[in-house]
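Should a chain be cited, it is by its letter among A, B, C, D, E, F, G, H, I and J, assigned in written order, with residues numbered from 1 in that chain.
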Amino acid sequence: MGSKPDVTLLGHAAAIPQAPEEAVLERVENPHVDTHYLARFTAPEFTSVCPVTGQPDFAHLVIDYVPDAWLVESKSLKLYLTSFRNHGAFHEDCTVTIGKRIADLIAPHYLRIGGYWYPRGGIPIDVFWQVGKCPEDVWLPDQGVAPYRGRG
Amino acid sequence: MGSKPDVTLLGHAAAIPQAPEEAVLERVENPHVDTHYLARFTAPEFTSVCPVTGQPDFAHLVIDYVPDAWLVESKSLKLYLTSFRNHGAFHEDCTVTIGKRIADLIAPHYLRIGGYWYPRGGIPIDVFWQVGKCPEDVWLPDQGVAPYRGRG
Amino acid sequence: MGSKPDVTLLGHAAAIPQAPEEAVLERVENPHVDTHYLARFTAPEFTSVCPVTGQPDFAHLVIDYVPDAWLVESKSLKLYLTSFRNHGAFHEDCTVTIGKRIADLIAPHYLRIGGYWYPRGGIPIDVFWQVGKCPEDVWLPDQGVAPYRGRG
Amino acid sequence: MGSKPDVTLLGHAAAIPQAPEEAVLERVENPHVDTHYLARFTAPEFTSVCPVTGQPDFAHLVIDYVPDAWLVESKSLKLYLTSFRNHGAFHEDCTVTIGKRIADLIAPHYLRIGGYWYPRGGIPIDVFWQVGKCPEDVWLPDQGVAPYRGRG
Amino acid sequence: MGSKPDVTLLGHAAAIPQAPEEAVLERVENPHVDTHYLARFTAPEFTSVCPVTGQPDFAHLVIDYVPDAWLVESKSLKLYLTSFRNHGAFHEDCTVTIGKRIADLIAPHYLRIGGYWYPRGGIPIDVFWQVGKCPEDVWLPDQGVAPYRGRG
Amino acid sequence: MGSKPDVTLLGHAAAIPQAPEEAVLERVENPHVDTHYLARFTAPEFTSVCPVTGQPDFAHLVIDYVPDAWLVESKSLKLYLTSFRNHGAFHEDCTVTIGKRIADLIAPHYLRIGGYWYPRGGIPIDVFWQVGKCPEDVWLPDQGVAPYRGRG
Amino acid sequence: MGSKPDVTLLGHAAAIPQAPEEAVLERVENPHVDTHYLARFTAPEFTSVCPVTGQPDFAHLVIDYVPDAWLVESKSLKLYLTSFRNHGAFHEDCTVTIGKRIADLIAPHYLRIGGYWYPRGGIPIDVFWQVGKCPEDVWLPDQGVAPYRGRG
Amino acid sequence: MGSKPDVTLLGHAAAIPQAPEEAVLERVENPHVDTHYLARFTAPEFTSVCPVTGQPDFAHLVIDYVPDAWLVESKSLKLYLTSFRNHGAFHEDCTVTIGKRIADLIAPHYLRIGGYWYPRGGIPIDVFWQVGKCPEDVWLPDQGVAPYRGRG
Amino acid sequence: MGSKPDVTLLGHAAAIPQAPEEAVLERVENPHVDTHYLARFTAPEFTSVCPVTGQPDFAHLVIDYVPDAWLVESKSLKLYLTSFRNHGAFHEDCTVTIGKRIADLIAPHYLRIGGYWYPRGGIPIDVFWQVGKCPEDVWLPDQGVAPYRGRG
Amino acid sequence: MGSKPDVTLLGHAAAIPQAPEEAVLERVENPHVDTHYLARFTAPEFTSVCPVTGQPDFAHLVIDYVPDAWLVESKSLKLYLTSFRNHGAFHEDCTVTIGKRIADLIAPHYLRIGGYWYPRGGIPIDVFWQVGKCPEDVWLPDQGVAPYRGRG
């Protein structure tokens, strides 16, 4: 416990990748591989662009996973999410794609992603995806993001 | 106190006016004309249409006033607000116009209107207008409408 | 400090007055007549009836005052407010009348009443009245009642 | 991922349909048909009219679904909901009818709709309907709409 | 959809019944008898009296049900609830009695009532009752009423 | 329904018991013994003392139960809880002891108690205890007490 | 800065005073006597007894002051407030008395106290008192205590 | 009231400007130039980049102004704000620069901007700027944005 | 009930341990070993340091457990948590390690820990771990910590 | 606008200073010295130690200032605040000292600091200090930190 892990991005300046394909998403060893637990990332600063109109879109993303051998390295996750800044994709597509990319890298027991998108035309979209089966002995709290409510 | 006032709409079925110009906004005598006080109407169900695109717009309106000789009759107010349902006007215009119409009818010591509009294109507009001078001995609480905050 | 005051209602069973005129509103001596302070009563259980339709109305009332020689005796206040249960009056009238009655009894330096009424027809009314001049050395916090917001 | 889909309404001006029957509700291909996920639409700007009195009604609608081959196209959904503006139906009926129409178009694995209506006469109605069976591997958060609470 | 139903109270003035026994609770045909859904009434304006002391009591009631052949007609429900205004019953009794009366009239698949009572002596009572079995394919959100919390 | 029950404390002045052992906890007949329902008491004014330091402790208690033949009489409950004012016990012990005492008196189908204690040393304790098995046909909402969060 | 002050209670066990008159309220030197600032104590655990009925009362107290030569020593303040546990006084009296006692000891430029009492009979009382004149260069935020709101 | 104004962007597709200098900020005639009122824009989707590290920054912006001859055209405002997407500037600089640009265009009686930035390194910055003098007869509500509070 | 337990730290001054290894975590006998219940500790003041950068980290921790023979002694828990002040560990590691240490000491039926960490780089991490199987007759409320939401 | 400023800490790793005296607090040129505006820093992660007991203390700090020639450099501010981690000072002293240090460095038109401390012994302290005179043309929103409220 407490030794410095072998990662390439944490503690250094790093260039921002220009597209999701260019981003290097990294993993570190799970220090508690003998037990199940849940890690949650909350990313309220996600932005991409609409593939039809080119307008920017915004979302508040929450990612939960139960690691097996690997953890997501958090600085690389930040850079990966930042790489969507000029990328065009619909809300449903974008949310699920991010979930799949992370799951492919770390092969978790379980992963889910909630995408809470800002309104366009008055009717915002939320997207909820999960993969794997949450082990029975894991505690999985809800994400608790406030629903959209308009005004008043 | 307690006698039935002379109004034409309260307690009867009334047809919905088809435009603001057709609406009959009524007034009743102020039963406490010897003192200053503030009355507040909260109307979370306002809707009109955009004069350029024809799309419906929605707003949460709050109207405060200090009556002199007259009160606004509340059922006629409801019908008046309902008459904007197919009326085209920008947010700033619509809000101020409503305030002026009421003030013209009842000649209050003071009146203000807050229009809290639902987002269009991600950037909602709020409009705040007042007329007359709030008497120094009146207590004027803020309207307390929650600011727009997007998601998350 | 701490001696038992001379009041007729506190600590006994008391019949509920059938109309505001029958209610006995009592006062007790202000134990700190040498200084200015503010007392606030919050009454979320007020009910009266509409003078036109006979339907029950409901309000959340908040009463603030700066006592001079007298305090309002709280049990008699409760009975007085309860006496409106079958009384017909409009919202504006009812709120101001209660404020005046209390002020007449205790002759405070200052008194205000906020009446926050439940919606009828979707557009609730709030009424704010005050009397006297709040002494400059008094601290008068706002009443903080949440504005009406409909749904969502 | 990221190619422009084949839809008729997004990115163009579109006339507002005058009745639900005239509205064209569109669908687009689900880009992630190999997996289950939930999409949520939140529509705080719904309005229709009472079939008995002709008065406008308002609701905050939330629609959740698990797509199979199709997604709901969001601009056509907005136009479809807007088409109820002059349509008469009771709250229970209106809410369920919308749910059925969407389900008929896209044949989802699962769909539910929550209709949170503004008060009429002081007692608002909420309506909750669902169809299909939510797949076991789907994550279905609650809709989190605040209950009606009157005043105070 | 949209035809005017056959009810006696909606759209007319109606006398307020003087006791629960005198109230006429009405039902209308369920327009979607082919499917299960949940309807919720929220009544924040309930009042009755204490059978021992004669003091008024207040409650916020929430009623959920899954209709079979019948819906509760909402105006008659309002009048029924209003009829408790001078009726004496304990909190537990009153809440359950209302639930039973409605269930007897409409024979729903399922019904529940939550009674959230205002404090007496500093310790408020909430009462939760249900009848029937909620069909497995029904979505039943929690009622979300804020717990009592005293001050601070 | 509505007859006056046979209890010794309600409607009279009653001396405050000086210790839990001296308190008389009373029960009344359950008027709806033919059905299952849940009653909840919320007591935000509980206080006892620390058995080691003698310092006062404070808690917000919430008690849920499903009555069988008996209800808890609420005035005697208030007096029982008040009797802990000078009683020394740890948080865990005190909470469970209260739950057991009530359960012994009324033999409910099910009872649970949540004790939400004020912080001592920055780390407050909550205690959750239950007894019996909640009947399957009972609706048991969560207690919804806000978690402690420090400052900010 | 940082030297240990000369106080008798902090860092030691101290007996709880049995009445306000027995409590020793202490002061420490103000380390920043060259400037004006505001200190606020928040005491959500205050309890005393009703002088008429002997029932316990509870309050959430907030005390703001601008020190001159002295600060209130916080442990002695806690013991002083605890000494009201068996003391009888009305809400208005109790709140003002505490404010005066502290002001007498430390002779502040300015002091105010807000007493937010738990409900008795459904109508809680708040008391607001201040003494001295708040220097113009002091920043005095409001106390932000939530108003009482009953249920729902 | 209601005629279509002469603007170039509303109701058409418009290319997103690549830098603030390229953005065309437009104005429309104030339809109520005879009176003072306040318009508020809320923009929760602002993003720019750090001039030192190149990392994206995010802010929630609120802009209030009292128009003289001109209103800000809202679609051009959206495009102008979007043009900061790849622009480097510190928080203080960026916020004030936006305020100045708008004020230069429309020469309002008064304008203010609040920039509420997302945290970097755990200590977020808010920036508040205003220009002109708010006319005495204008009502200027506070912006009500929640302060940052970390976790818990 | 109420006898003084045999612990070494409560009621005395105690030196702060300089590292987790030096901290003495103590246990006391469970006074209700005949029944299952849940105890919750909430610790909003946790701080450790990043093992790579040496920067301080902060978390709000919530620990739930069902005791068997032993309770955690709360003062020793506070000292144990304080011992992480200069200790380096990643968020996931630190949270799980604390949970394991407590579980090793008291061998509970069940234990879980939620670590809600303050943001670093805009994307905070939450960690949820549990051990043992929560007995079926235990009531386990969710921890209710607000999700991170950025600004606005 | 947008050029890289001359600072020593931003964009580099920097050692954490071991005491406030060792911390280098830096300033950068104000890019908008021609106008008045307010900058706010929110620091929810402050910690120091009690000078009497050696126990850690925690606070949520909010700092507002109106710059003249200089801005506070934010990374150096973070390091300065971190340097209190092992420093002993009372709450009142610590808060005012930080305010003075910043004001000495940047000689602002105006500065204020709010220190919101976590509870010790159940009665938390807040400290509010300001220096200079806020220019009349500056907009100074309140800090909006939630008051402490105990439990329930």
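Keep this in mind: a contact is a pair of C-beta atoms (placed from the backbone, for glycine too) under 8 Å apart; a residue touches a chain by one contact, two chains touch by 3 or more.
Small disclaimer: the values here were computed from a predicted structure and weren't measured.
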Intersection of contact partners for chain A and chain H: B, I
Most distant chain from chain H, judged by the mean position of its C-alpha atoms: F
Angular offset of chain B relative to chain G [C-alpha, multiple of 5 degrees]: 145
Centre-of-Cα separation between chain C and chain B, whole angstrom: 27
Where chain D and chain F are represented by their mean Cα positions, the distance between them in whole Å: 44
Whole-Å separation of chain centres (CA-atom averages), chain D against chain H: 33
Chain F residues counted as touching two or more neighbouring chains: 11, 13, 44-45, 53, 58, 60, 118-122, 124, 142-143, 145-146, 148-152
Chain D-touching residues of chain A, taken from the complex the two chains share: 51-53, 87-90, 92-93, 95-97, 100, 112, 114, 119-131, 133, 142-143, 146-151
Parts of chain B lying in touch with chain A, wherever the complex brings them together: 44, 58-60, 116-120, 122, 124, 145-146, 148, 150-152
Chain F partner contacts - residues on chain I that touch it in the complex: 1-5, 10-11, 30-32, 35-45, 60, 62, 67, 71, 74-75, 77-78, 81, 137-146
Partner chain H, residues of chain A touching it in the complex: 13, 15-16, 44-45, 47, 53-56, 58, 82, 85, 118
